Amino acid sequence: MTATPFFSVRNLHLSFADRAHKPLFGPAPRIEVLKGLDLDIGEGRITGIVGESGSGKSTLGRVLVRLLDPDSGNVMFKGQDIAGLDEEALRPLRRDLQMIFQDPMSSLNPRHKVWRIIAQPMKRYGLGGTREQATEALVRVGLPAEFGDRFPHQLSGGQRQRVGIARAIAVGPSFILADEIVSGLDVSSQAHVLMLLSKLAKEMGLTVAFISHDLSVIRHLCDDVIVLDHGVIVDNGPVEQVFDDPQSDVTRKLLAAIPLPEMDDTWFER
Amino acid sequence: MAEASTAPRARHGSGLNLRLWLPLSWVTLLVVVAVFARWIAPHDPLAQDLLLERLPPFFMSGSEPGYWLGTDSLGRDVLSRMIYGAQIALFVSVIAASATCVFGSVLGMLAGYYGGWAERIISRLVDIWMAFPPVLFAVLLVAVMGTGLTSVIAAIALIDWTRFARVVRAETLVQTRMDYVDSARIGGARRASTLWTEILPNVLPTIIALLMLEMGIAIIVEAILSFVNLSISTDDPTWGSMIAEGRNAIHFAWWVLLFPLIALFFSVLSFSVLGEGLRQRFDPVLQ
Amino acid sequence: MLLKTLITRLLTMIVTLFGVAVVVFTLVRVAPGNPIAMMLPPGASEEDIARLTALYGFDKSLVQQFFIWLGGVVQGDFGTSITLRQPVDQLVLSRLPATLELAAMALVIALLLGGTVAVLGARNRGTGTEVGLDLTSGAVLSIPDFLWGLIFVLIFGVLWPVLAISGRIDPRIEFDFATNFYLIEGLLRGRFDVVGSTLSHMVMPAMSLALPLAAMIAQLLKQNLKGELVQDYATIARVRGFSETTVILREALRNAALPTIALVGVQFTFLIGGTVIVERLFAYEGLGNMAIDAVINRDLPLIQGIVLLFAAIFIMINLIVDLSYTLLNPRLRHG
Amino acid sequence: MTRTVLDIMNLTVNLPNRTRILRDVSLSLEPGEVRALVGESGAGKSMIGKAVLGILPPKVRISEGEILLDNEHLGAMTPVTRRNTVARMSALIPQDPLTALNPLRKIGPQIVDPLRRIHGWSADKARARALELLDRVHIRAPERVMASYPHELSGGMRQRILIAAAFAPSPRLIVADEPTTALDVTVQKEILKLIRELQRETGTAVLFVTHDMGVVAKISQKVTVLFAGKVMEDAPTEQVFSGAAHPYTRALINATPSSADPSRSFTPVPAQLVADLHREIAQDDHLYMTVTS
C-alpha cells in the first residue's frame, strides 16, 4: 500500500428513512444500511465488492462516487475528504469518478442518440464533446462508428453496456464504479463486456470498483475483494487470499454455494 | 438487429397513419374554414331576417336555396354562424390550451423533480383546486372577471392547469428515478439543466398528448360557458351559443342544435385521437 | 396503519376545505356588481341600502367578513340566500338528494358497463374483439358528458321521443314526498309510477355522466387485467387446469381492480362536477342547476354554501377511496 | 419397456408469420430423471415447457410435432381434457417467486384450491396434504404460513412454498422454469437441494430450464442445448462436462467463469461459431419456407 491510498474509507455510516413506519408526528425511523465501514482501494487495482442482496454493496458504491450522502465517516479520495462536499464542490471532481450502471436501458437516456449520450459529459467537463470524439470512444469499446446515430433501444443489451463504458472512459477518469454491469446479460456477451473493461482498465491505468453478486466473475476480474454482509465488511483482501482462506463463515458459505460448471457429486453435501 | 428494429415500425405504420391523418384532416379543415371565414361564409352570421326564420336544412322540404343548413329562430344562417364559430373555437382552444399547458406543466415538473416544499405547496394547491366542480368554477370565474373571450381563456387556464400539473408531476417523478438522471450527475450536469435536457424530452410526449386533449376540452368549456350565456356576447356566433339556442328551440328547429353538435363532436374526438397519435409518432422509443 | 392514514387524511381535509373557503370567498367578494343593489327595487333609498348592507355584513372589512362567515359555517350557519330569502343550508339540503341519486346512478352504470367491457376485452385479448372494444371506448372516452347530454336530448328527446328531456319527475304525478330522495322513496313505498317517471327523467343525464367514466374504467381495468394475466400466479392457475374465465374473475380481477379504484375515486369527483352542467342541460332540479342560477343572480351566500358542500363531498369521496384502498390491500392493512 | 413421462417428437412452434421459435425439437424424459434445457436468451428453452403445459403466449402456435404426456397424445385431446390431463400430470415451478403467488390471497387456499380441483379431494384432505408438503420443504409453523399473505414471507420462503405447491398433487412431471435465477446464490443452493430431494423421493421427472451451465452440472442427468430454437446437443450431463461436447456447448461452458480454476480464463462464445450456426439455420429456414408455402 502507498502512503495515501486512492480511496480510503473510515467509519462509514449510512441509513435510509423508513417511510412505511413513519409515525404520525416526528421523523421516520432509520434503517441502517452501512454500519461503520473501513476500507482502502489501491490505485490501479480492480476491487470487487460482493455480497448478497441487501448487503449494502450498491449503496457503498454510490457513496464512493457520491451519488449518496453518508450519515457520518470519511471518504478520502486521493487524500481529500469528499464525504461532506456539496454538489457544487463535487462537480469538478466528478470527471474523475465515473460510473457504469447495472441497467443500461434506464441509465442511457432513451430520447438521446448514442453519440450525444457519449459527447454530452465531455462537453460539460470542457473536453470538447464533438461527434468525432464520441465516435472515437465508440470504436474504442468495439462498436461500429455508425451506432452513434442509433437510439439506445435499437441496441442489444451487450451493445448498450458498451455505450455505458464508452461514456465513462470518454471523459478520462481515474476511477470507474461498475455496478453489476453484466447481471442482465447472456453468458456470451457477459464475457465480452468483462474482457473489454479489464483491457481498458489496464490500458488507461484505471482504478475500478466492481460490484457483483457473482464470486466467479470477481475471482477472474479483480485484484482485491471486499465481502459485505448486512452492511458490515466480513472479508477484505487480495482475491487469492480471500478465496483460498476466507476469514468469515459468510464468505465460506458464499463460496460453497457457487455452482461451478463441472461435475461434482459432493456439492450438495458441502 | 436492424431487421428487429424496423419490423415493428412497418407493422405499426398503416394503423398509425390513419389514426393520425383522419383527425389531422378535420383539424386542417377547421383551420382553413376559420382563416377564410369571410370568403367562405355565404351570409353575414349576424344578419337576422325574420321572414326566413327556422328554415330547415337542404335535404328537407321547405328549405331555401343558399341556406344549406337552415336558419335559426331569428333567421340567421346556420352554416355561416358555424363557419365563424370555428374561428372562435380554434382561437380559444389554441390560446387557452397553450397557456394551461405551459403553466401546469412547469408546476408539475418542478413539483415532481424538486420534491420538498415546492411539491408540498403545489400538491396542496392542486388538492384545493380539485375540490371545486370545474364547470361551476369556470362559471364563477367568468362571472367575476366579466364576460368576454379573455375571461373565458383565463378561466380555462386557471382551472385546468391542475390536469397538467398532476399528470406531468407523476410522469416527472417516474423519470426522476431513472438511472439516466444519476448518470447525468456523474456526467457533470447541474441539477436544473438535468430537468430541461434529460427529463423534459422524456416527459414531452405526455405533455403533447395532454395539450391536444386540452384543446378539445377548451372548445367544450367555451361551449358550456356560451350555453349558460357567460361566454362572449350572446349575438356572437359561437358553437356554444348556437347549441343553447338550439336546445331552446329543439322542438321547432332541431338542426340548429345538430350541426354545431356534430362540429363539436368531431373536433373533440379529433384532438383526442391526434394527441395519442402524435405521442406515438414523436416517441423514438415507441417507434 | 389504518388509523394513521385516517388521521393524516383528516388533517389534510381540513387544510383543503379551509383553502377552498378562502378561494371561494375571495372570488365572490371581488366580483363586480353590488348584490344588495340587485335585491332592491330601483330607486331604493340610501338608508335601505345601508340597512341591508349591514344586515349581510358587507360593511365590514373582507377579513372580518371571512371569519364571521367561517364562524357561522363551523356552527352550521351558512347564511341566508339573497335571492331566495331562505337559509342556505335548507336550500342546499333540499336539492342535494336529487344530485346524489343522479351521481350514484351514473356511478353504478359506469362500474357495470366499464367492468363488463374490461373483462370482455381481457378475455378476448389479442383478437379483433379487443381492438374493436378499445377503439369504441377510446372514442367514448374523449366525448365529455355535456356532449353526450346534447346527443341524447337530440336522439331520445326529439328524433325518437321516448324519454323526458327536462325536470326530475312528471309534475302530474301526485305523491306526498317525505324526503327528496324520489327514487329511493318511491321504491321503498312501492309507488312504481314514481319510480318509472323518476327513472325516465334520470336515465339520460345519468348515461351522459356515466359513459366517459365507463370508457375510462373499461380501458384502465382491462390494461390492469392484462398486466395481471401475464403474472406467474395466473400462469400457475392455468397449469392447474382452471379455465381462462376463472383465472380472470377469481385470480386477476381483484388485483387489477385495486389500482383502478384509486383512479375511479378521482374520476367520480369529476362525474359529480359534471352534474352541474348536465343538470342544467336537462333542467334537472339538483344542486348544480341551483348553483348556476346562484352565480347568474350574484347570490353570494348561496354560491359559497354550494361550493363548500361540493368540496366537502369531493374530499369525503377521496377519503373513502383512500381508506378502502388501504383496507383491500393486505400489504397496507398490516404493514 | 420403460414408460416415458414425456415424449416430445419433432416439435415446431411458430409465430403467425411462420417465424419458427422452436425447430423440430425432440426429447424425452423418464421417471425420476432431471433434464436441463439450456441456452441463451431467445434460444426457445422456456417455450418447450410452455408448449407442454399449454401456456404458450397468444399467437404462438404448435405447427408440427407431437407431445406425449405419460404416453397420451396431448394434441389429440379436446382443450378441456387436455387442460385437466396437464393439471393432473404436471406442475410448474416458475422463475419469480415474487409474482408467482397471488398477493391478495392467503397462502393456504392457493395450495389447497388446486388440490381440490385436480383430485376432487375434501377440504380437510387437501389441507392435510398441503401441511404435509410445507413441512417437507422445511417450513416451520406451516399452519401460520398458510394463514399469511405472500408479502409477509421472504423470497426464499415463497420459492419453497411454490415447490411444495408443485409437488403437492403428486405430478409425474415438473417444469422448473429458471426457478433460481432471481435468488441469491446461498438461497439458490437450498432451493436446488430441495428440488433434488423431493424429486428423488417421489420419482418425479423434472424439465429444468436454465441459462447457467453451473446449475446444469449440479442438478441434471441429461441436458438439451438449444440455439435459436434448434437442438444443438442432447446428451448425458456427465458426457457434456467431460469434454466430449458439441462446439457450441463447449463454448457455453467456457464462457462461464469458474472461481475454482482462475487459471482457465473464461472466453466469450466465438463470433465465428455463432455466425456459422446462424448461417446453417438461415439455410434451414429457406428450405422450410419453400417446402411449406
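Going by the order they are written in, the chains are A, B, C and D; count residues from 1 in each one.
Everything below uses one rule, namely that a residue touches a chain if its C-beta (ideal position, glycine included) is under 8 Å from a C-beta of that chain, and two chains touch if they have at least 3 such contacts.
In this text, all values refer to a predicted model and were calculated from it rather than measured experimentally.
**Student:** In contact with chain A and with chain D at once: which chains are those? Just list them.
**Tutor:** Expected: C.
**Student:** Going by the average position of its CA atoms, which chain sits the greatest distance from chain A?
**Tutor:** If we average the C-alpha coordinates per chain, C ends up farthest from chain A.
**Student:** Suppose each chain is reduced to the average of its Cα coordinates; what separation in Å results between chain A and chain C?
**Tutor:** Here the centre of chain C sits 53 Å away from the centre of chain A.
**Student:** Averaging over Cα atoms per chain, report the distance between chain A and chain B in Å.
**Tutor:** Here the centre of chain B sits 48 Å away from the centre of chain A.
**Student:** Could you pull out the residues of chain C that touch at least 2 other chains?
**Tutor:** 335
**Student:** Can you list the residues of chain D that touch 2 or more other chains?
**Tutor:** Residue numbers touching two or more other chains: none in chain D.
**Student:** If you look at chain B, which of its residues touch at least two other chains?
**Tutor:** Not one residue of chain B touches more than one other chain, so the list is empty.
**Student:** Which pairs of chains touch each other?
**Tutor:** A-B, A-C, A-D, B-C, C-D
**Student:** Which residues of chain A touch chain D once you look at their complex with the stated criterion?
**Tutor:** 52-53, 186-192, 195, 213-220, 239, 243, 253-264, 267-268
**Student:** Which residues, counting only chain C, touch chain A once they are in their complex?
**Tutor:** 4, 7-8, 335
**Student:** For the complex, which residues does chain A have touching chain B?
**Tutor:** It is residues 65, 67, 87, 91, 94-95, 97-99, 101-103, 106-112, 120-121, 124-125, 151, 153-156, 167, 171 of chain A that touch chain B.
**Student:** With touch defined as at the start, can you tell me which chain B residues reach chain C in the complex?
**Tutor:** 124-125, 127-128, 130-136, 139-141, 143-144, 146, 213, 216-217, 220, 223-224, 227-230, 243, 247, 250-251, 254, 257-258, 261, 264-265, 268-269, 271-273, 276
**Student:** Quick one: in the complex, what on chain A touches chain C?
**Tutor:** Listed in rising order, the residues of chain A that touch chain C are 20, 23-24.
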